[in-house]
Amino acid sequence: MTITLVFLAALLAFFLGWVLSRTVNVEPWVADGGSINDHLPEILTTPRVGLAIFLAVASSVFALSISAYHMRMDWGPDWLSVPSPALLWVNTVILVLGSLALQWSWNAARRDDPAGRRRWLYVGGALTCAFFVGQILVWRDLTAAGYYVTANPANSFFYFMTGLHALHLLGGLVAWVRTVKRDRDDTPSDVVCTSVELCTIYWHYLLVIWFILFALLLTT
Amino acid sequence: MAIAIAVVVLLVATVLFHVLSPWNLTPLASNWGAIDATINLTFWVTGLVLIAVNLFMAWCIVRYRYDENRRALYEPEDKKLEAWLVGLSTLGIAALLVPGLMIWNNFVHVPEEAHEIEVVGSQWHWYFRYPGEDGVFGRSDPRLISDDNPLGLDPNDPAGQDDIIVMTPRGYLPVDRPVKLNLRSRDVLHNFKVANFRAKMDMLPGQVSYFWITPTRIGEYDLVCAQLCGIGHFAMRGSVHVVSEEDFEAWLARQPTFAELNGQREPDLAAGQRHYANCIACHGNEGQGNQLLNSPAIAGMEAWYTKRQLAYFREGIRGAHPDDEYGRQMVPFATLVADPQTERDLAAYIEQMPPVSVEQTITGNARSGERLYRTCGACHGRDGEGIFGTKAPRLAGLDDWYQKRQLQHFQSGVRGGHPDDHYGPQMRDMSKILVNDEAIRNVIAYINTLTGHEQSRALPELAGRND
Amino acid sequence: MAELGHDATSHAPPREMPEMELPHGHSFWTTYVFSQDAKTIAIQYSVTAISVGLLAMVLSILIRLQLGFPNTFSLIDPSAYLQYVTMHGMIMVVYLLTALFLGGFGNYFIPLMIGARDMAFPYLNMLSFWFYFVSVLVLIASFFVPGGPTGAGWTLYPPQLISEGTPGIHGGVILMMVSLGIFIVGFTMGGLNYIVTILQYRTRGMTLMRLPLTIWGIFLATMLALLAFPALLVAALMVLLDHLAGTSFFMPAMFSMGEQLPHEGGSPLLFQHLFWFFGHPEVYIVALPAFGVVSDILATHARRNIFGYRMMVWALVAIGGLSFVVWAHHMYVSGMNPYFGFLFATTTLIIAVPTAIKVYNWVLTLWHGNIRLTVPMLFAIGFIFTFINGGMSGLFLGNVALDVPLADTYFVVGHFHMVMAVAPVMTIYAAIYHWYPKITGRMLHEGMGKIHFWVTFIGAYSIFYPMHYLGLMGVPRRYFAWGETAPFIGDDVVMLNAVISIAAIAVAAAQLLFIYNLIRSRKHGEEAGPNPWQATTLEWQTEHTPPTHGNFGKELPVVYRWAYDYSVPGTKYDYIPQNVPPEEVEMAEPAAGAAKT
């Protein structure tokens, strides 16, 4: 549980700092002319805050899975690490490229370049699909080599965590499809830009999660 | 106003209930008196706070009841008062925590002189293991557990040969000697709880948990399971006997070791057939039984069950109740086969007799019976085939009139009420699920449709040896 | 005075938040069924939660019938009993309390109390309810699959959860996990909304420190839920894999019912850690909104500011934070490393300090108040009494050494029903009696309300207080019957249980009266007016009662003061709504200076 607790402690410290900065030395019973305001800074738009909260929830899922991974690994002597097929490295590169493509799409969107926005959006989606295919190949190869999901807890966790990651990416693809739809119909440009932005941030986040999971699988 | 009075009345009732309640800690029988003392201390501290805060609240409700000519006091906060309250609460809580942690420190450190025993939980029974003369437990592995090796001991480990295995849910502990109880489970989670000892702990499959006590009072204590472990949870009972050192050694010496249990020779079926001559008159040539003589069909009955029942008849545990007139007839015959080898041969012979088809004499609604049977099936098997692991004999293929009588006997305590009957109490509790005659007929009608007796069974040999 | 709110906003400076686009319904379906109005969603949540809660209440009566009058009912066998116990617990904790406090109260009060038109993401909000609704249907469906619902206890511990000997290990347990999964996904959508709305859509002047405590409670509880439910999700997914795919996350090698199972080396304790990592915060997911609601109700009906508002806020934050580091106090006798006991006993008892502060401040709010003993106030006082009593027994159970004899006994049953069943339910009733006039425009019948209160309060106390003593004696929980085989549990226990059961039936009957009152008053209740309790918070200052879609009139209200300006010296009325500017406060005759203290 250490990892989960560290994650939560970081979140809590952040939250506490924020709450205290707005509450210490405030005398709530003092009435005034109604001009005071303590909203979040402008840069934290509502969609961004929403995404940030969602990422905190997703992080909780992954942190708990990683905690469970460690606890189960330390629990019994039956742990046999899964080999990491070369294909996983290829998939990692594909995922990095997908993330970059979306970043470029976002950059184009901010430059007000609809053609570039659309191009890179498509490239990003295609690369993500390629990552999916790659992951399915990895699972197939491993199963073919006898690393069944039930054969060993390490295998179970491998499938569980990569599956969880894929599931989150799948959810991202749903958002991506919606963004493409908005991109193609006559949705105002700033709304599309927000959609692209949210996709991009989510992709970056899942890339970081993938790095963490991959590193975990490589090192244990 | 009424609410203020109600608060005061409830407070008084609370205190009175606490003082007068006949439901209180069971008499202490272990070294954990400090737990009781801290519980009492906590009662005092929390009780005083409870009374003080609630009385203050009740007073406020009366004193500051609504009056349209009065204004409440506008006072956002009072830092000094709050600081005092925080400080006092912290002190009070520390005063409770410190003794608690001191006891816990004692709890987690097992004294070096403690001897060890093992308790194994199983749906829904208890096993005990003592390390034997060498004082060392043999290795065990859940993968080695089978009906012949209920605790999964490694037969090749020399340290395990003299281990004493107690298959009945009745353990013995010497008084005034610290003991570390190592806890395991064969299947699901259980919890070893003797209320009088205060200490308890969950038992888990795949790991050993422990706690330690020093029994301080000679006596017999109820052992119950305190972790929900399935349908039979409430009937998972046993007992722990705290006895003097001499009685403990004497009892231990009477128990067979793992090696002795494994070393018995194969039963002799031909001899068993000869001994069966004693049974033919009532139970018939093929073990088909005879309702006119009140003798049930016994062909194919599990050897472990036959042996347990013969022993019970002999020892006055079954068939001794004044209302058990048919059971009484069985007693002299059980005495005829008192020799352990004779009994083993006979039981093995009965077991291999092909089950006969019995006549149906009881009608009922098998469909409602099916629902009732799900409780029975938890131990006796879904097809009524009987499961040695749950110590439950086969039901399929038994005479229905016999089953009905036994169910009634269990319900009334004619059977299963003897203090030395280790398995009867469970069946007594279970039989009460059948709340009327109709329910009994329905469940029996359903059992009549079961086919568990036609399955081929791997029959345990060790089974029932030291019942 | 009530129309003052609207006048005040009409010449206030313009808002800083952009106007929301409200998705208005255009047909019956989009207005009442797939509505995106938080208030409609709130009512959908509440009605669903209360309905499923009534089912759980019926289950509890069946449980009590068995315990009070054993060997009487053919319907109730050990399997059915365990299934009732499991479903009662799960429904009450998750599908009633969590859903009602956050989905019901959260949706209704967040936008109204912070001065917003609606939630930040109305579409997600609607989806959230329908996910919840489907999760309830799936849960109920488990009653109708072969084998029935799971009977492993609401704690769902493996290995018994999925091994022979426990009822409902086939369809029942799968549906339970699926239902929880759907619930969690739906809740995440709703929870995102509550947090984002509170962060982003507070109206001008509504600073954090001016939020009513109800909002603080819901806000923090939602954060806990968002971070804690993933633990249950992960555990549920893994246990499903163990069950369906044959993995060994939690399942060790075991010999079940005469057979070796194919699992190897899994850790049942790992499940317990994950479960309680969710399960303990879950207690506060229910308790924190209750704390908030009861604070506001006490202040309103005692005509006094909540005592020590800042302390109350920080105590809520502290309790919320600490609730993540106490989970293993549910596992003192689980066979985990016993050294954890030192740490978790300490954190657990530390959490008692901020909780005690809250209790003191509630009572100190009554002190020097001007107390109107309305029905909501009675329930709020009932809450305090019950909560103190339940909290005290928590000091036994949290203190690791004392928990050893008491764990898994009726002491635990008494304790958690007192703190997390009776106390929050008292709050729910206080809240419903308090806000029903705003939601429907009519008062609930007071006489029936009082009968409801007295039977519930006295009845619930006589159900759960004596249980502590059964526990002290060592009577284990989750027992179908006590039989005659454990002499330490005598016939007097059965007698006491019969008394408890009779009390339980009386309490259940009183709840039916409440339901009748709810339905009857909808049409025949006394007209309430916009602000019958003369309360200060924004929901009472709306233009319409009940509030229309969009909540407020043309302009959003501007907030000038905290939510607790009751009995401010020198003013004409004993309350000043939050949206009244200082210069418009009516002074008492003769005018006596500034309205401020």
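For reference, chains read A, B and C in written order, and residue numbers begin at 1 within each chain.
The rule we apply is simple: a residue touches a chain if its C-beta (ideal position, glycine included) is under 8 Å from a C-beta of that chain, and two chains touch if they have at least 3 such contacts.
From a predicted model like this one, the values you see are computed outputs, not experimental measurements.
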item	value
Chain nearest the global centroid, as defined over all protein CA atoms shown	C
Between B-C and A-C, the pair joined by more C-beta contacts	B-C
Averaged-CA centre spacing for the pair chain B and chain A, given as whole angstrom	50
Distance between chain centroids, defined by C-alpha means - chain A, chain C (Å)	31
Separation of mean Cα positions, chain C and chain B [Å, integer]	37
Contacts with 2+ other chains: residues of chain B	76, 206
Set of chain C residues in contact with two or more other chains	265-267, 305, 309-310, 564, 597
In chain A, residues with contacts to at least two other chains	28-29, 76
Chain C residues touching chain A - in the complex, by the definition given at the top	12-13, 16-17, 120-121, 188, 191-192, 195-196, 199-200, 202, 204-205, 207-210, 223, 226-228, 230-231, 233-234, 237-238, 241, 245-249, 262, 264-267, 270, 273-274, 277, 305, 309-310, 313-314, 317, 321, 324-325, 558-562, 564-565, 576, 581-582, 595-597
Residues of chain C touching chain B in the complex	70-74, 77-79, 82, 151-153, 157, 159-160, 163-167, 252-258, 260, 265-269, 302-305, 307-311, 333-335, 338-339, 341-342, 345-346, 349-350, 352-353, 356-357, 359-361, 363-364, 366-373, 378, 381-382, 384-385, 388-389, 392-393, 395-396, 399-402, 404-405, 407-409, 454, 457-458, 461, 465-466, 469-470, 472-474, 476, 478-489, 492-493, 496, 564, 566-569, 574, 597
Residues of chain A touching chain C in the complex	1, 4-5, 8, 11-12, 15-16, 19, 22-23, 26, 28-40, 46, 49-50, 53-54, 56-57, 60-61, 64-65, 68, 71-72, 75-78, 149-150, 153, 156-157, 160, 164
Chain B residues touching chain C - in the complex, by the definition given at the top	1, 3, 6-7, 10, 14, 17-18, 21-26, 32, 34-35, 38-39, 42, 45-47, 49-50, 53-54, 56-57, 60-61, 64-67, 70-78, 81-82, 85-86, 89-90, 93-94, 96-97, 99-101, 103-105, 107-108, 122-123, 142-143, 145-147, 152, 183, 185-189, 191, 193, 195-196, 198-207, 209, 221-222, 224-235, 237, 371-372, 374-375, 378, 381, 387-390, 413, 425-426, 428-430, 432-436, 439
